[in-house]
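Shared chain: chain A. Partners: chain B in the first complex, chain C in the second.
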Partner chain A sequence: MTTAVAPPLLEDTKLGPKAGGFYRRQNIWTGLGFGIFLGFVAWVVSHATIQGSNWGSDMVVTCTMLGWVIGFNVGMGTFNAPIRWMLGHDQTHEDELYAAGVSQGSSRYFKFCTDHKVVGTQYLVLVMVLFAVGGTLAMMIRTQLITAHSSFLDPQTYNAIVTVHGMVMIIATIIMVSGPFANFIMPIMIGAKDMAFPRLNAMSFWVVFSAVPCLLATFFLGGVNAGWTTYAPLSVQAPPAMDAFAMTIIVFVVSVTVAGVNTIVTVATMRAKGMTMGRLPIFTWGSVVGGALGLYAMPAFLVVMTMMITDRATGTSFFVPEMGGSQWLWENIFWIMGHPEVYVILIPPVAAVLEIASTFARKPVFGYKVAIAGFIAIASLSIMVWAHHMFTTGWAPNLAGPFMITTELISIPTGIIFLCTIGTLWRGSIWTRLPMYFVYLFIWNFIIGGVTGIYLSDVPADQFFHGDMFVTAHFHYTLLGGAMIGATAAVCYWFPKVTGRMLNERIGKVAFWTIALGIQVTYFGQFWEGFQGMARRIAQYNPQFQTANQMSTIGAYILMTGWIIFLYMMLNAWRRGKIAPANPWHAKTLEWKVPTPVPLENFVVDPVVTSDPYTYGEGVPDGQVVPEFAPTKEPELVPAGSAASGEPTATGGTN
Partner chain B sequence: MSFEAEIDKIEADTILSGKPFFSRPSGKIFLIWLPLTIVGVLIGLYAPHHLLPVLQSPEGGDVFATIVFFTVLAAPVAALVYAISFYSLIAWRHKGEDPDVPPPDAEPQRENGPMTVLWLVVSTFLVVVLLFWGITVWSAQQIVHPNALQVNVTGQQWLWTYSYPGTGVETRNLELPLNRPVQFNITSKDVTHGFWPAVLGVQVDANPNVTTVIRTTPNKLGGFTVQCSQLCGLYHAFMNNKASVVTPAQFATWLQSNGANRISAAVAAGTTPVAATTAAVSS
Partner chain C sequence: MSITTTDHDDAHGQDDGAHGDDHGHGPVVEGAENPGGPHETGYKRDQKERLMLWLLIGGDLLFLVLEVFTWFYLRTLNTSGLWNGAQCTTASPCTDGLGNPITSPIAKADPKHAIIIACLSILAAAFVWMSELAAKKGSAKRSVAGWAGIALVFMLAAVAWQIYQFQVLPFTTIDGAYASTYEFFMGSTLAHLILMAFVGTGLWIRAGKGRYQGGTWYRVRLIRFFAVWIAVSTTVLVVVAALFY
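Then we have the complex of A and B:
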């Protein structure tokens, strides 16, 4: 095995005993400890100081949550650097190296770590945990619905579960690609040594981390009974759980906004020499457009939730009709956030799918510029379609026509993305490794999600389908069958780079077919319920819907089995999978040109970029290389002649 | 056979290659596409009969027709994507001996201007057709019948109350006469509910302090269920009631007897619909 002689790595730097200052004493335990402490203090103090409050008053719950979030982040070290800067002792180079995780081994994953690869890995684990929580809640919902009058859950618990399932999944899907991969992979793709704002990057993770307990706390504060859309005025009257719910979202929006700014600035300013905007990998474009759209959409969520808290806690009446407020104000601001948000979820995984399709079809991305134009067109149109969620609310019926037009227009750029995907497959050399399986499943599911969307965009048909299980099936086909399967393809694709291990594809294919079958059975069952006219979010239903519900529940159990197999494959590979070569897919983007595990600051020698990364079959020299580590040939892991031994030697360092 | 030979076998997919249509990729894809499209169209034509409940109004008929029309229109498009993706797995899949070795690079094709333009034109055309259909149907539904039967609907947690102005009848079970235009004036006493008589093909939210209006004309006899379509709290799932479309004679008798389920005067006093403060929805 040939290894280039590398200069000493940054992570081997010997740091002085005081490097890092306060960071040396901080980790997740000090975070949790200080968070709980400050939450408790806020609870007691707010109860003592706010007149007429009890231990569960809205203002008291809000202050407690705020205390927890601030305390946790103080304990983690989120605010160390700005505080030191304000005190006049800016961080030294050694401190920054310490904060980037130098000489801390795997304990850096439990600390405030500015290394974008650590943050990406932290996000990946958080997303998996969130999906496990949301999936468990989904299975409880489907179990409840297995018979018409099941008493597995009481209505109160059922409504609370429906709400938290929705919100956990929304949070998880928003960060499922832009968290792990826009952090870990994207900077390497563009030849950057880190994100533009590494501390904000670490902050974005620990802030969203601290939001999750607030969301789960809703179960112990009476439960939010209003669905994840929390329509006013029901949510104004909801138990104190609603305050925790609103705080979750406020905190989450801070995280998403910070992360979005970071992504955009990184791509704008940190690209390697020669990495022009026209040579960016398509996934980078998807991350930027998704991040920019998030900057438009998510602040509306923060605003509307802040107004909700003031309505509940301080007696304002933005959304209280009896006092001059308007429930339609809530619905409008909510969906001004809510519809762009689904494209914040969707665009990054779709871009990842194009990236993967190109690698495994051994062809350039078809219509690179057209696809970018498609992303931008989707993002632009998506801010003008929100009222299609309100076709049947009675608000402004004269706007039904205009919003029908904008909504259906969005299918044109979406169609363009389909053209680019199948154009990339067209006459390619299809290499059916595990990521490619999920690319195909993305295409098959997403077309169903797209086609069923046109019924809902049509106002007369929406008069039947609104609030119906058909809607549930439609958006699960787009968000689970489309976006989440695209993200799964991304996980399979980048797993060897993130963890240094190969997935076991035999187990992966079992998981794939189980998931593929589970999705179809579950959501065709729900389409059937929808055609029959069953309302969403109901705990018990008319027995005429029972067969369709049982089909859906059986499908859900199949789907759960598939995800458990997939999770087993991931965890198993992470612990003792085959050591991955640096570039197992023989892809041309820069992240595959650096060694695995990726060194701190990624590039010992700056990469040289003279073309885009899609030069498959064009007979030109690779235009994206990393000089020191760019072998003229791939390092041969298996010596010629011993092809039978599949296990490559781990002399490259297992670490 | 080497991969290059396979590439040669596929050959350029144009008329210039001299091969008959059905030996070229596009011809083979057509052969996959055609049955898929036929299946899709047949599903569109026949499945709604079996899946949908019996729709009891012209608006319901519009829903039915829209589902059929959109499915038939979408079937060829979806079938095309499926056909190409299936064919790519059949014909262009690389079956190498070592799964870790990637296939040789394919012939690069970065763009195809005419194809992109064609795709854009066709998808835009289809969208225009959808819009034309949707707006035409929606506009036709906006007719106001001056003599429509007025029904005031009040939602509250977690039941619906119906009153027929001028008759003094208040009931929890909706009855409607056949073939007479009806106008529902809907409001709520507490939170937002969704008034959803699914088989009538109309739906609107019941909002506190506001009266929203929907209009329809029941045209088939039979019973149905009114559901609440907007999560409205604890017993949302149970906020539904029986309703039926009856002959005008039966309806008159029912009104005369004030309905079997007439609410007692004491209860009725508390369930008068909230006066409309905003007649936002009237045109």
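Then we have the complex of A and C:
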């Protein structure tokens, strides 16, 4: 190793009084102000000019939502750079430093900030808020279902809550890992100073942020009672809330597409010297495959939602059979998006689980290249399975067989990745800290979610289970029990790097056991309901299903308690947790080699990578303990910004 | 993972990762255009932006494919005989989106307009290409801006003609699946053309300010890629709509 004198940190740069230009005056308040103003103007103008026409109210809602989204992003500064580019007024280096958050303290978290760590943190908070909203709606659903003829919610409100719960959770789970960690952690992992396009990165966040009020507005516009899949013709006949719902998706698609492109370009072009594709940490691979799959899936979402808006607001007939359209067109395009989207959600958390398993088992990822091939195989197969969602619709019965086979084929690469996870842990000297608890829970839940998925891919079994609570239990085991628990493991693992604080493991374990119990009780209850034949999405049911529903609701309350404890643990640690060392887990990947808090542009001196990412125990004779691994000893805690593990750091010191 | 912490000059002979730009190789040199941040060469920036553009075009290609899929899917199904109302007669009328009877086939859109729009977008792409060649040859900024200005005129003309076509269509959105899909094609084309006009305006203004002098022609190449893609996608939609009534 050679060392160099570290230049001064960028954070310490003194900026001129005009650095940043318009950015100086823009923040979340100007965004909200402009958004509300332009939304109001759009409402007034469209109301005055269109309201009386045949599809007036739908057009008014669409225009108002569009006005809000554009206004908010104008107010935030999202369009500053493109307009300055068009006018030939490029941003100066000082402007860019200002936009990256230099000299702004914590106010940068409420501005259009281009620093990937700020964007990652913003995403983390947004995801937590979305889960809180979606979880609250879930509890309302389960409370309604605690008795057979409950009147806690009227059926219309119940349906609206089911729909928004579904879409909030889909949005939150799509961005729960790719938002916080592919932004905050992944660039550091590959030795990059930032994402490839920092402004696009900030844009992706503020655009998705502006979509959230559109979704919540649906409650005040009559509610969307069509379920998250919003099948035509239900969606075409729904109240004007459906327009706000579709606008949410369109805006969300823009954000996810931009974020996916940014992730891929960052990994392809911004890696440190020596960081070959074969040396990429597995989490980076997961982020890239997930991003690429999103790039494939999202255009279908955009097409189908745009067509639905035009059906509703301009009288086209894409999904109206009596006017020449077809509801199967909706189902085909929707599921061309819908099934790959499941793997856009799943692959990044699974990759994070492999990353964590390797660190805490002190072993390289078992079958590293096979796992990467598994990710790619899952992504490839997932684009050929969409019609398994339509087995019972009567669409192309001759294709049921082929689609059953492609769906079942996915279980092979999925099983291989499972094998890689187990193989990574197998005979490892496992250091069981909080992230590992959630890795174990992921394995348990994902087995159940995966195996029940094989039942549903089978045409005869699907004829029985389709549309009942068995399906609900299956995908909750997969997406909550698998993906979300994987993401929770990732939160526990990278929390010290993101916040500079350690989580309280004692509270964390209480949260873990409560969550683990809650999941099993809730969703085993739903499997039971499904076996009894109870349909999904009904507000009241036959009393014969009541015991299973009560079990599920009790489980849901246990689960909610677990998440509240977990949230308390996070917020408490963020405010007053123990200071985290730079590398509390003695991990090998680059993000742990930089100080905490991570400086702007991450590396004061560019790193050069000279080995594989998981060199645990290399050079240690058989039978000896790996030097840096001490399972019974807590890591020594030292103030943020310093380092104490004896490992070389990117800044030329040791830590 | 082991790392060393060194400047790039010490790293020759190492496996390169993606950082091979720092040694100045490649077809691009820095010039008058802002080459990126303080750590970024022009080559690096071009590499990133080209990849980004190809990925975005890939996404847009899927959008295009699904549009064309919709056309053929609805045309093949011809639900209720209302793809284009070929079976609608006085004796057996179809109904439009407002419940009114349709007793004769929906008129076919005049392909002339769509063909003109496609030609305008192709010409716009060609003149962006001329602008790129002028920048690459190191011509005066007036020359680069001149070609860019002509391209912009064609882009704006395409936008205007697309809006005009909405006014002269022989059907409205409520007249069945053919009318719906045709108008969707037009809306999609209009959105793309407006985006292209925004980029074209930037090209013209920046070229006039000499931003593409001094070896930064590759920035114009990026715009050319986009302009060519817009021309291709517009042409594909025109061909589908004109040939498969």
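Methods note: the second predicted complex is superposed on the first by the 607 of 655 C-alpha atoms of A that agree within 3 Å, B and C clash if a C-alpha of one lies under 4 Å from a C-alpha of the other, contacts with A are read in each partner's own complex, and residues count from 1 in each chain.
Methods note: a residue touches a chain if its C-beta (ideal position, glycine included) is under 8 Å from a C-beta of that chain, and two chains touch if they have at least 3 such contacts.
Just so we're clear, the structure is a prediction, and the values are computed from it rather than from any experiment.
Touch criterion not met for A:Tyr568: it reaches neither chain B nor chain C.
Of the two partner chains placed around the shared chain by superposition, chain B and chain C are both touched by A:Glu322. Judged by the touch definition given at the top, the superposed model places A:Arg433 against chain B, while chain C stays out of reach.
By the touch criterion defined above, A:Phe79 lies against neither chain B nor chain C after alignment on the C-alpha atoms of chain A. In the superposed model, A:Asp606 makes contact with chain C only, not with chain B.
Residues 321-322, 614-615 of chain A touch chain B in one complex and chain C in the other.
Residue ranges of chain A in contact with chain B, taken from their complex: 155-156, 158-159, 162, 225-227, 229, 231-234, 237, 321-322, 327-328, 361-370, 392-398, 400-401, 404-405, 408-409, 411-412, 415-416, 418-419, 422-423, 425-433, 440, 443-444, 447-448, 451, 454-455, 457-461, 463-464, 466-468, 505, 528, 531-533, 535-542, 584-586, 614-618, 643. On chain B, the positions that touch chain A within their shared complex are 3, 10, 13, 25, 48, 51-53, 59-60, 62-63, 66-67, 70, 74, 77-78, 81-82, 84-85, 88-89, 92-94, 98-100, 102-112, 115-116, 119-120, 123-124, 127, 130-131, 133-135, 137-138, 141, 186, 190-192, 194, 196, 198-199, 201-205, 207-210, 212-213, 225, 227-238, 240, 280-281, 283.
The touching residues of chain A, when paired with chain C in their complex, are 1-4, 54, 82, 85-88, 90, 93, 96, 191, 193, 196-197, 257, 260-262, 264-265, 267-276, 279, 281, 295-296, 298-300, 302-303, 306-307, 310-311, 314-318, 320-326, 329, 332-333, 336, 588-590, 593, 601, 605-615, 648-652. By the touch criterion given at the top, residues 1-8, 10-11, 14-19, 34, 37-39, 44, 47-48, 51-52, 55-56, 58-60, 62-63, 66-67, 69-70, 73-74, 77-83, 95-98, 172-174, 176-181, 183-184, 187, 198-199, 201-202, 205-206, 208-209, 211 of chain C touch chain A in their complex.
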